[in-house]
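Structures incoming, each one as C-alpha cells.
Both complexes shown next keep subunit A, but they swap its partner, so subunit B is in the first and subunit C is in the second.
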Partner chain A sequence: MAATSQPSHAAAPSAAVLPLSLVYRVGALVAALAFVGLLILVVGESPLSVLGALISGAFGTADQLGRVVNTLTVLLLCAAGLVFTFNAGLYNLGIEGQITVGAIATTLVLRLLGEALPAPLVIASGIGFGLLGGMGWGLLAGVLKVYGRVSEIFAGLGLNFVAQGLAIYLIFGPWKRPGVASTSGTEPFPESLWLGTFGRTEATPVGVVLALAALALTIVVMRRTYFGLRLRAVGLNLRAAHVLGIPATRQLLAAFALCGALAGVGGALQVVGNFHRLIPTISGGLGFLGLLVVMLVNFNPWFVLPVALFFSALNVGSLQLPLVLRNVDSTLSGVIQGTLVLSALIGRGLDQRRSRA
Partner chain B sequence: MSGEQLLIVLSTAIAAATPLVFAVLGETLSERAGVINLSAEGTIMFCAMAGFAVALASGSVVVGFVIAALIGALAALVVGFCAITLRQSQIAVGFVLALLLSDLASFLGVPIVRVPGPTVPPLPLPLLSDVPLLGPLLFRKDALVYLSYIAIALTWLYLYRTRPGLTLRAIGEQPNAAFARGADVVRLRYLYVILGGALMGIAGAAFSLDFKAGWSHRHTGGYGWIALAIVIFGGWNPLRAALGAYLFGILQSLASVAQDQFQNVPTQVLTVAPFVLMIVLLVLTSAGWLDRLASYFPPATRRRLLQMLRTSPPAALGKPFEQD
Partner chain C sequence: MKLHSSLTLISMAVVVLLLSACTATVTPASPPSPQLQPAATEFRVGMVVVGPENDKGWNEAHVSGAKYVMEKMPNVKFDIVDKVNPGDRPNVKGAQVADDLIARGAKLVIFNSDDFKDDALEIAKKHPDVMVVHVSGDYAWPEGKNYKNQPNLINYMVKMEPGWMIAGCAAALETKAGRIGTVGPLINEETRRYAVASYLGARYCWEKYRQRDPKDLQFKVTWIGFWFNIPGVTLDPTKVADDFYNGGFDVVMNAIDTPEAAVQARKAADAGKAVKYHHYDHPSGCELSADLCIGVHSYNWGLGYLNIIKQVMESGKVSNNWIWAEADWKNWNNPDSSALLYTKGKALSDENSKLLDQFIAGLGDGSIDLWKGPLNFQDGTPFLKEGERATDVQIWYMPQLLEGMEGQSVPTN
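Let's turn to the complex of A and B:
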C-alpha cells in the first residue's frame, strides 16, 4: 500500500505543474494569433481571407511548393547549425554573414572553373567551397570571441555588414555584369551549372538531401555523442566545464565552425539552386529566421523541422499577399514569425517566474 | 578638396549624424544601467514610420516626435519586462523585437509610403549663425540639431557630474553593491531602459521628419545596428559615442562626394567602416595590445591614453539582477 502510494505521491506535484506550463504555452500561442489577427483587422482585411491567401500562396501550385522546399532547405541548414551554437551558449548573430561568404565562395569557384570541368564536379566543388567559406567566417567570429574577447553578438553583427559590403563590392566591381552593374546581381550562370530540380519546380533534391542530413547529424551529435554533451556543458556553465577539464575553447570554436559550415552550404544552395547568381541580399534573411526558429523550439533539434517548414511556408505564401489583398504587405510573414517568438519568450518567462515564486 | 567643399562635407555630416546621436545616447544610457537594448534597429524603424504617420495625420511635427518617443519607450518597456522582471535573455528579446518591429513598420506603413509630409523647419540661430566657420557649420540647422547638442552635454553631465548619474553607473557595474547602498536597482533599470528607448524613438522620427524625410520600405535599414556598434566604439561614454556618430556622418557625406570619383563602388560599402573600426578597437583593447602600446609613453600620458581608448563594458551588462 505504502509502496504503491509513493510513486503516485511523487507524481502528483509534477502532474499539477505540467498542465499549468502547458497553459502558458498555449496562452502564448493564442495571444500571438490574437495580436496578428488584430493587426490584419487594423489594415482592413479579414484574418480568414489572409489565411486562405497564405495557404494558396504557399501550397497552391507545384511551383510555389517547390519554392517552399527550397527556402526550407536553406533554413534547415542554418537552424541545424544554430542548434550547436545555442547549445554552446552562443548567440551566433553572424550567421547572415556566414551564408553570404559561403555564397561568395561558391560563386568564385563557379566563375573560376566555369565550363572547364564537368558540371557536376564544378557544382560539387562550389558547394564544398561554400562550406569552407562559411566555416571560415564562423571561425573568424569564434577567434574574435575566444582570443580577442569580442562578444560574438557584436562581432557577428559587424561581420554580417562586412560580408554584405564584400558582396556588394564584388557585384558592382570585379564581378559586374557586362554593360552596367546593378543590384540585380552578377551575370546568371549557364543552366548547366544549375542544380537539378524535381520536375519543373525549383526544388532541388540535392538541397533536400543535404538539409535533412544536416538535421539528422545535428540530432545525433547533440543527443548521442560526448561532443554534444560537452557542448551543452560548456553552454550551461563555461567556467564549471573548464574546471572539469572540458576544453571549452575548442568546443566554442567547433560550434562556430560547424554552424558556419552549415550556413555556408546554405549560401552555396542559394547560388546553385535558387538564384543561379550572386545578389546583394543573397542570404535572404534566412539566417536571422533560423535564429527565430531555434529560439522558438528552445534549442531542441527535434522540433526544428516542423517549425522551419511552417516559417518557410509563411515566407513564400506571403509573397503574393499584396497581389491578392490590396492592404496586406508581404512583411506579414515576418510579423507573424516575430510575434510568435516574442510571445513564446514572454510565456516561458512568466512560467519560470511562477515556478520560482 | 577646397575649404568650401570641406565645410559642406562637415555640415552635411552633422545633419546626417543627428538621428544617430539620439540613438547612441539612448543605447548608452540603457547599457550603462546594465541592459542591452538590442531592439534598436526595429525600434528606430518603427518609430520613424509611426512618427511620420502621426505628424502627417496631425499636421504637427512635434506631436510626431512625442508619439515616436512614447512608442520607443513602450518597446523598451517590453525589453525591460523580459530582461529585468522575467530574467530572460536580453539578447533574445531585443533581437526578436528588432526583426518584429522592422517588419511591423513596413506592414503598417504601406499607406504612407512616399507620401510627402511635414518636416522640421530650418531655424538659423541669430548672432551665432554669423560666427565665421562655426556659424554655418553648427548653427544654421534646425531645432532638432540644437536639441541633440544639448542632449549630448546633458547626458555627459548627468552621468559624470551628478549623484543620480553615479548611481546609474553603479547599477550597471556593481548592482549588488548599489542595492546594498540603497539604490532600487530594478526600478532604476526600468527607468533608464525606458528613457533610452524614448531617445531611440526620437532618433527614428529624426530620420523620417528631418534628415531622411518621409517613409519607405526599410527606411532606416541598418542604422540601429550601426548605433549599437558606435556605442561600443564610444566605450559607453556619451561624449565619445556622439563623436563616433559624427565620425560616421563624415564618412557618409565623404562617400557621397567620392561617389563622383569612384562610380562603381556604391556607398553601402562604406557602411562597413564603423563595424570594422569597432571590431579592431575591441580586439586591440581587450587583447592587451593597448597596454603594451601605452607602456611606451610616460606615465601621465599613459593614463590619459588608456582612459581615452578604454572600451570595457559595464561589468553587469546583460546580466539579470538577482537580489542576494
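Let's turn to the complex of A and C:
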C-alpha cells in the first residue's frame, strides 16, 4: 500500500496554535500571489490588469458566465469523486481516462439510439452509460491496485493512455466523419440530442443539478454515513482498518467505482452538453484540475464548490488575456492554479512540521 | 508521518501540474488590442486561428493577411486568438473564442481552418448580425454537397490547386532519385485534391521536361493526422520527414502547417544527404533552410479579406457568399491582385527555373490543363474519361488519390 495522506481536519489543531497555523497557511497563499504578481511584472504587465481581464473574461457576458458554469459542473463531478478516493488514501490519477471512457460510452449510446428513441430518453441513457463506463474504468484501476498490486498512480496513468488511444481509434476509425480522418472529432450530434441550456448560453440545467447533487451526496456520505467513516478509516490506516474488521478491499474498490462513476457522468456532459461530439481530448484536462481542487481544499468536500468555481472562472477568464494584454497568454491560468496548490501544500507541510516540533 | 504525507502530496501536485502542462504551451500570442471598447469609427474583425501565429505556414499567412488589411484600411482592427485547438487550449471551442471576440465588438469573424466548420455555422446562427467567414469550408456553396442556407456565413478559399501543380512540377524537376515524398496533414477532400494536383504537376514535368517515364516517378504521401503535430495524437511530422530523407526520397514536399520538412532537410543535408524540400503556405518558409528550398507556394489572404471587409462595411453583406479566389495569371505574383503567390527558392536551378516559368505560363494561358482525362483513381476506377474535364465540384470533393500515387486515399483504420 502506498503511503496514505491524512487530511489535516482529521487532527484538529488546538486553539492555542490556531493563530500560528493560520499565519503559515495564509502566508503561503500570500507568497503564491506575490510570486504570480512578480511573474506578471517581469513579463511587463500589471497584475491589476491581469486580474481585471480575468474577471471580465469570466463574468463579462452571459456567454462567459455560462461557460464558467459549464466547466464548473464537470469539475464538481470530478472533484466530488476524488473526495472519495483521496479520503480512501488513493491518488486516482486515472480520472482523465474515466472521463474519456464515460464520454465514449455516451457517444456509443447516442450513435446507437439517436434515431430509435425519443431524444430525452436517449440523452438520459447516454448519461447513464457514461456513468457506467466511467465506473467500469475506475474499477479496473481498483482491481489492478487491489489484486494486481499495481500502484493506482501508474495504473491510472496507463489507463488514461489506453482511454485516449481508444477515443482516437474510434474518431479516426469506426466513428470517423464521412471521408475525413481528423482530430476535430466525430460528426456532431443533431441539436435534438444536445442538453438544453440556460437561454443562449452553454450552461445546462441538467449539468448543474447533477453536479450539485453529486457534491451534496458526497458531503452526506462522507460526513453522515458509516460508509464514509469506514472510508476515512481505510485512508488513515489501511492495515489497522482491516484488523478492526473493516472490509478494506471493498472500500477501496467502492471509492474507485464512485469516483469513476462521477467522472463518467462528467464525460457524458462533455459530449451532450459541451462539445456535442467525441473529440480526442474530451476530458479537457478537467480531471487533473479536479485533483488540484481537492488537494487544495485538503479533501474537504465543503470547500470544493468555491475553489472549483474559482478555478473554473480562472480557466474561462484566461482566454481574455491574449486579447487584452500584449505579453500574457491564457496559459497563465495554469501557472496561477499550480502555484496556489503548491503553496497551500507547502504551507500545510510547514505547519505540520511546526506542530511536531 | 505527517511530513511524509505532505511531501507525498507536494510530489503528487507537481506530477499533476506536469501532466496538465503537457497539453499547454506558453508563448505570447496575439497582436495587442489595448482598448476594450472599440472606437466609433473602428471596424473590428475577430480572427480565430487554429495554430501558432508564427508558424511560417498556414496560420502566419492568415495573420499576415490581417496585417495587410490593417495597412490598407487603418480603421479596421483585428483581434486574433491563435492556437485554438484541443492540444494547446484544452476544453476551448472555436465558437467560444468567437463569442468572446464578438463581445469585444467584432462585426466580422474569420475562422481559419476547415476544422472550425461546425463552430462557424454555430456562430453564424447564434449571431445573425455578425458576418462569419469560414476559410476552406463549403457550407455556403449552393452547388456543393453540404450547402446550408445561412445568409451571414461566407466561405472563402484560394484556388491553390495550380500552386500545388507548380510545386509538384518544381519537385519533379529537382529530384535526382525520382522519389518525391509529401508530409501530409489529415485526409479529407481538400488535402486529397492538393495531393492530386501536386502529383499531376509532378507527372507532367517529369514526363514533358525531363523526358522520363511516369512509372519511374515515385510519389508518396504520408498523412500525419492533423495540420500540425499534436503529441500522442498525430504522427510526428519530424519523424515522417526523417523517414523520407533517410529512405531515399531526395525531395520532400511540405503539406502541413508547420515546417518540419524544412528543418529536417537541414539536418539531413548536414549529415551529407543530397536533399531538398518544397515549402507551402507562407513565403518565409524558404528562409528556414534557404539553400535547400526549391520554392514555396503561398496564400495571399489579405487580398480576399480586404475585399470581403470592404463589402461588409459598405453594405453589411457580400455579393457572393462562396468565394474560390484565383491567381492573377496576367499579373503573376502581384500581392495586390493575386490570391496565389509563388516564390522560387535557391535550390531551384536556373535551368529548371526557366522550365518552371514555361509551366506556369502554360497553366496561366490554359495551354496546360491537367484536370483533363484520361485519369484513373488510385483503385483503378475511372475519374475522367478521355478528353473529359473535371468540374469544380469533382475537384473540390476529390474522393481518392490517383493511380500512380502511393499513400492512403481514405481513412481506413
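Criterion: the second predicted complex is superposed on the first by the 341 of 357 C-alpha atoms of A that agree within 3 Å, B and C clash if a C-alpha of one lies under 4 Å from a C-alpha of the other, contacts with A are read in each partner's own complex, and residues count from 1 in each chain.
The criterion applied here is as follows: contacts are C-beta pairs under 8 Å (C-beta built on N, C-alpha and C of every residue); 3 or more make two chains touch, one makes a residue touch a chain.
Note that the coordinates shown come from a computational prediction; the quantities given were computed from them, not determined experimentally.
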Subunit B versus subunit C as contact partner of A:Leu323, first or second or both or neither: second
Contacts of A:Val150 with subunit B and subunit C, given as first, second, both or neither: first
Contacts of A:Thr249 with subunit B and subunit C, given as first, second, both or neither: neither
Contacts of A:Leu39 with subunit B and subunit C, given as first, second, both or neither: first
Partner chain(s) touched by A:Gly284 [first = subunit B, second = subunit C, both, neither]: second
Subunit B versus subunit C as contact partner of A:Thr197, first or second or both or neither: neither
First, second, both or neither for A:Ser56, with subunit B first and subunit C second: second
Contacts of A:Leu93 with subunit B and subunit C, given as first, second, both or neither: both
Partner contacting more residues of subunit A (subunit B vs subunit C): C
Subunit B versus subunit C as contact partner of A:Arg348, first or second or both or neither: both
Those residues of subunit A which subunit B touches in one complex and subunit C touches in the other: 43, 91, 93, 153, 157, 161, 164, 168-169, 172-173, 176, 181, 280, 288, 291-292, 295, 327-329, 331, 334-335, 338, 341-342, 345-346, 348-349, 352-353
In the complex with subunit A, residue positions of subunit C that touch it: 1-10, 12-17, 19-21, 23-30, 32-34, 36, 79, 81-82, 86-87, 89-93, 96-97, 99-101, 103-104, 115, 118, 126, 186-189, 223, 225-226, 230, 232-234, 399, 410-411, 413
Of subunit B, residues touching subunit A in the complex: 38, 78, 81-82, 85-89, 91-93, 95-97, 99-104, 106-108, 110-111, 222, 225, 228-229, 232, 264-266, 268-269, 271-272, 275-276, 278-279, 282-283, 286-287
Residues of subunit A defined as touching subunit C within the complex: 3-6, 11, 43, 56-57, 60-61, 63-64, 67, 71, 91, 93, 153, 157, 161, 164, 168-169, 172-173, 176, 179-184, 188, 200, 202, 274-275, 277, 279-281, 283-286, 288-289, 291-292, 295, 315, 319-320, 322-331, 334-335, 338, 341-342, 345-346, 348-349, 352-353, 355-356
Touching residues (chain side subunit A, partner subunit B) in the complex: 39, 42-43, 91, 93, 144, 147-150, 153-155, 157-159, 161-162, 164-165, 168-169, 172-173, 176, 181, 280, 288, 291-292, 295, 327-329, 331-335, 337-339, 341-342, 345-346, 348-350, 352-353
